[in-house]
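The following pair of complexes shares a single chain, chain A, combined with chain B in the former and chain C in the latter.
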Partner chain A sequence: VNGIQSAADPAGAHAAITSDLFGLFLGVTGLFFLLVLIFLGWAVWRKDRGSQSEQRLRLTVAGWAGLITLGLFVLTIGSYFADRSLAFAGAGQPPVRIQVTAQQWWWQVDYQDAVPSNNFATANEIHIPVGRPVHIELVSDDVIHSLWIPNLAGKQDLIPGRPADLDLLPRRTGHFRAQCAEFCGLQHAHMALDVIVDTPEQYAAWKAKSLQPAPPPQTPEQRRGYAVVTGLQCAACHAITGTPAYGTVGPDLTRVGSRATLAAAELPNARAWLERWIADPQAIKPGNRMPKVPMSSADLHAVSAYLETLQ
Partner chain B sequence: MRSLALLLLCIALGGCDRESHETNDPPLPFHQGDLATTTTVMAGGTRPAAFDPRIEHYQKNAWHVSEGQRLYEEFNCVECHAHGGGGIGPALIDDEWIYGSSSPQIVATLIQGRPNGMPSFRNILTEEQMWQLAAYVRAMDGQLAKDVPPSRGDNLAGPPPITLEKKPKLHDSNDEAGAR
Partner chain C sequence: MSELRDGPEFTGAELETRLAETWRDKPGLIGWITTVDHKRVGRRYIATAFVFLLLGGVLALLMRLQLARPESGLIGPDRYNQIFSMHGTTMMFLFAVPVMEAMAVYLVPLMLGTRNIAFPRLNAFSYWIYLFGGIFLWVAFLMNIGPEAGWFSYVPLSGPEYSPGKRTDVWAQMITFTEVAALAGAVELIATILKQRAPGMSLNRLPLYVWAILVTSFMIVFAMPAIMLASSFLISDRLVGTQFYNPTEGGDALLWQHLFWFFGHPEVYIIFIPAVGFVSQITETFSRREVFGYPLMVLALVSIGLLAFGLWVHHMFATGLPRVGYSFYTAASMMIALPGGVQIFCWIATIWSGKPRWDTPLLWVLAFIVTFVMGGLTGVMVASVPIDLQLHDTYFVVAHFHYVLIGGAVFPLLGAVTYWFPKFTGRFMAESFGKWNVLFAFLAFHLTFFPMHLTGILGMPRRVYSYPHGLGWDTLNLVSSIGAFLFATSVLLFLGNVLISLRRGRAAGANPWDAPTLEWAAASPPAVYNFAHLPVVESRAPLWEEDEFPAVSGLSVEKRELLLTTVIDAMPDVRDISPVPSIWPLIAAVVLTAGFIGSIFTPWAVVWGAIPVGIALTLWFWPKPGVKEDES
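Right, the complex of A and B next:
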């Protein structure tokens, strides 16, 4: 039940409210289920043991109807208050504003600020500070997707051409996993997202770092990798801030070395996996939109050496 | 009766080829020297182009055509060619082009670029993507088999190219008289 992707282990205000409501429903309906079973057992037991008076039967049925009414009242009132608390959770504080764009099959993440120079982009990873409300604007670029971060909030569908949003209020730090929750094509099952709840200090440091351009290559191998990335097809789709790579079709790679995972939380971010992914993306996620770019193995090593330094 | 039904089923299943797609195609051989040349006008008609298996491979497959459509939007072909109607660049919904309108010729145009604005997409698109794009562009001017491209596009479309239609009959007063 405890885990990085579990609605039963809430780490945010919204998930906690929903989880409590689920507990209430489970308790009330469980109690009634138990009562029904007891009555059923009793009926079986007394089948051959004479009849009862009409008076007592009427009393029992009336009592049963009263109990059901009471139970429904409890559930209705519980849902009402859960709904109100969901609507007002985190109100009154300025939220962190993020736009998440779902694409087949990865997540584009844009941090938005009133000051345009404080905007930056990343992909497949959201960092948020603990205790501060987060307002996520959801956009879909192609088909219907759904964002579900079970530990923090309920799911929200992303329908093309229809803006939606999702509010979060993380209560404790940790590393969580979100998933696309609406079938969206071949690689739907491999379309996940890392959600990292930082302390406010960690978050501020991460944000300050993300606003910097990518670090320049240092060693000769890294320089060779840089030349390949900016000279070949990579740069046509991917962006690395501060370099001639400014494609907008694929995930932003400015901080790719610092992410926990690769390919929409499909692979651990390790050198060997990075090389395998670049060498043949279609072997790992068949049908994904990244083509195989032919390059020599020396170039491949150089590219992964360079991408690893993008922290 | 049963054998007829079986035959019909086989024919129907044969049609499913257009949807199949290998996500990991083995790379098709391609060298700089292979680049198609533009059509040259010769006495007695043009020489038929050499057979290229890639033409059929990409043009007969709905998946490749739809990938081509995605690339057409993502790599901003729309900027100059609009959705086929042209503007800054030439229209793509007709079928007779300056630098040739066969798939290999379109790929050559994508690789080399052309004077007066068409940029080279060498090292921007992979070779497979260029063939997909070429297949989609061919779909725009109605040159693919009817079952491959979607029957109705997402964008405005013109009438089919005149050159592909039967020549309209000249006005014939005798016909008109006969009809009466």
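Right, the complex of A and C next:
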């Protein structure tokens, strides 16, 4: 089944191994279900109830127990080997290294490189190149979250005080959706992120662009927006590289205009939604940590105009 | 003058009048609140649990209403989180476990051929504590301080920093109430089963339902302390600033999950195993033969009870514990399918080789077998680590555990209520209506929960108050919501049948189904003393194989005397006095409730609360002048 957030539509090595294993389980358990239904149907509709042989039943129950044991053995072994192949999928190549920090209710994404000047931050989206292993370090600063990108791999919890990691090996390009899978409070439902599997060229271009500071504002409206963002409360929480805004409480906005979605994949990234979000974040995502910052409608338009340029 | 005792020379109406005199409660309200009769306490326990089923069901419908459409704005996140937390908490702690113990409180003494449960005052106390705990939780919810961190209350979300206010304290303290009630019930049932069986009912003649209750009660005794410890740590983290679960102060957030699931996994078997007992009794009676493979069935029960303690980690596969260690829990989890599958075989073999009579209770068993096997097989799937990492915390798991809990426990429970209804009330439930009811409930159930397997595989996580459209979940959710309302209707129809049949049902005799076990030797409904003559049994199916029961003689008619028998062989051992009605269990429960509730506000409530509790318990156990016997 196709879907951008579906375990049944694998686009990565890990999800594919699991999907195959699921097929094995479905086949074996389906067979057992069928056997039970046949026996039950026979027991219900049996006509000849005269000759009862307890001895025969005893032999059959022994056979049945043997069959179950065999089935479980097959499934346990299958599961074990699938688990081993998951552990070794993508081994041997140097991975793309990313650190994902989960917070109520958004994802901070830090690309890590051996060369410090090649590190950069983004939020609520992950770009990865197809065919290359990806190693994600997982950190939570507040409660337990779980990163789940069903098309690529199974989920992994992010537990405060316990470092964890998740390996991916994307097999085809595409735009996928990931979501927090561990109940994490009020806006657990709206804690998603975009996962974009690029071609190596697209990825290199995206990465190169991400390493640049934010583009400076051009028009008077954009300049007014810049002034509001860096002058009002916005800058206390958000960072925009190359500007005086370097808060770390909320998502990094350096490339916010280039993202597909807003508010942890809750809203499409379009001007109208951006304005509604800034105008009253609590109306759209009640309980989230972004306060309503009072501003004139002209300021609001200006801020949106400026943020849109951050591509 | 020597004491009046029963026996061959003292029988008939006069004996029954004298016994009723000895065993009856005081009339009116006083009798109602002081009763220690296991049947009265059991009945109100069952009724209360069904009230909580309805309340929990209403919450389920609210959730399905919200989730019927994507991005629905009917219920906000704050309310929704309380609703799903309350749904799980109510269903697990206030319905499922209590209703199973409640049925046992009513049935076990009758099935064993005794006159009351062991420690009947403790039994009354257990009910009151359960009732007060349930009311406390629900009043809090209606005051908008209901639990908000799920029925599992994972830290740190439920800790002092992320769940300020009293909501989680209410949840944690509700655990304390239900723990006390469940442990009390378990202890009574164990003592009753091991020491009060009819002479001759050696362990190998114990009805399978009683075996199931024995295993369940031991599981309660071993599982509950883990959650008690966990919730006490949580309360003290929240109230007095301990740091058991705070990683930055040397605590561990994962400790909670280990303790919770060490209780939580056996918990689902604590619900399921009594249901297995119902299924065995119903299958036996309506197939008109003893359950095939009795020793296998007992072994299966015991091994499920043991294995249930070895697989809690399968709830934690996504937490990042060492992968190779997980294999053990995968194997242990899958191993449960072996005793489970053998039991399924034995029931079907019983029907196959018997002469089945298709009355409503047996139809519930069929609904159970089909549904439970499906739930069991999806359980095998999520026992595999790789598969679980995809499906954990999705709607697939929601589907899985509703298959095993509703299909595996509620269907048998409804069958059991239908089956024992004549015993409880002296009347039948409406029979042909009941058959349609089974079919309706079965179809509505699958309409509700089958699509959830697919929504889960398609990526929908649990515990979300809203979901975006366009991910392939919209239609499936709508179907689940429609199914939920139909399923709720079928449950209401069942309860309607109960209420109408209470007054208008066809009258039933002592053994209307021609069942083999001892409870059917008592009148329907049973006299307050259960049996005029305590029966002596010589087989596993006494009512099928013995025309005339040998009876125990020599028990006092003037005192509430019971016969205790030996643990293995049920040889007559000693006569013992069963306690008379008392107001003190109620008073002790009231003051303990005050202490429990007070202690979510100040730790001093534990200190000061201990004083009235101590006084109440002292008076409860105060020896009566002129009564020499122990009245515990």
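Annotations for the structure displayed:
Rule of thumb we're sticking to: the second predicted complex is superposed on the first by the 291 of 311 C-alpha atoms of A that agree within 3 Å, B and C clash if a C-alpha of one lies under 4 Å from a C-alpha of the other, contacts with A are read in each partner's own complex, and residues count from 1 in each chain.
We adopt the following convention: contacts are C-beta pairs under 8 Å (C-beta built on N, C-alpha and C of every residue); 3 or more make two chains touch, one makes a residue touch a chain.
Predicted model, so just to flag it, every value in this text is computed and none were measured.
When the two structures are aligned on the shared chain, A:Leu232 is found in touch with chain B, with no touch to chain C. In the superposition on chain A, A:Val249 contacts chain B only, with no contact to chain C.
When the two complexes are overlaid on their common chain A, residue A:Ala89 makes contact with neither chain B nor chain C. Contacts of A:Leu211 after superposition: neither chain B nor chain C is touched. In the superposition on chain A, contact is made by A:Gly287 with both chain B and chain C.
Shared-chain residue A:Ala15: touches chain C; no touch with chain B. In the superposition on chain A, A:Arg46 makes contact with chain C only, not with chain B. Contacts of chain A with chain B, set against its contacts with chain C after fitting on chain A, overlap at residues 186, 286-287. Per the touch definition, chain A reaches chain B in the complex via residues 186, 231-233, 236, 249, 280, 282-283, 286-287, 289, 291-294. Chain C meets chain A in the complex at residues 76-78, 81, 149-150, 154, 156-157, 162, 247-248, 252-254, 292-293, 296, 318-320, 323, 326-327, 330-331, 334-335, 337-338, 341-342, 344-346, 348-349, 351-353, 355-356, 366, 369-370, 373-374, 377-378, 380-381, 383-394, 457-459, 461-468, 471-472. Touching chain A in their complex are the following residues of chain B: 23-24, 27, 70, 74-75, 123-126, 128-129. Note for the complex: chain A touches chain C at residues 1, 3-8, 15, 17-18, 21-22, 25-26, 29-30, 32-33, 36-37, 39-40, 42-44, 46, 49, 52, 54, 57-58, 60-61, 64-65, 68-69, 72, 75-76, 78-80, 82-83, 86-87, 104, 142-144, 146, 148, 150, 153-157, 159-162, 164, 177, 179-190, 266, 286-287.
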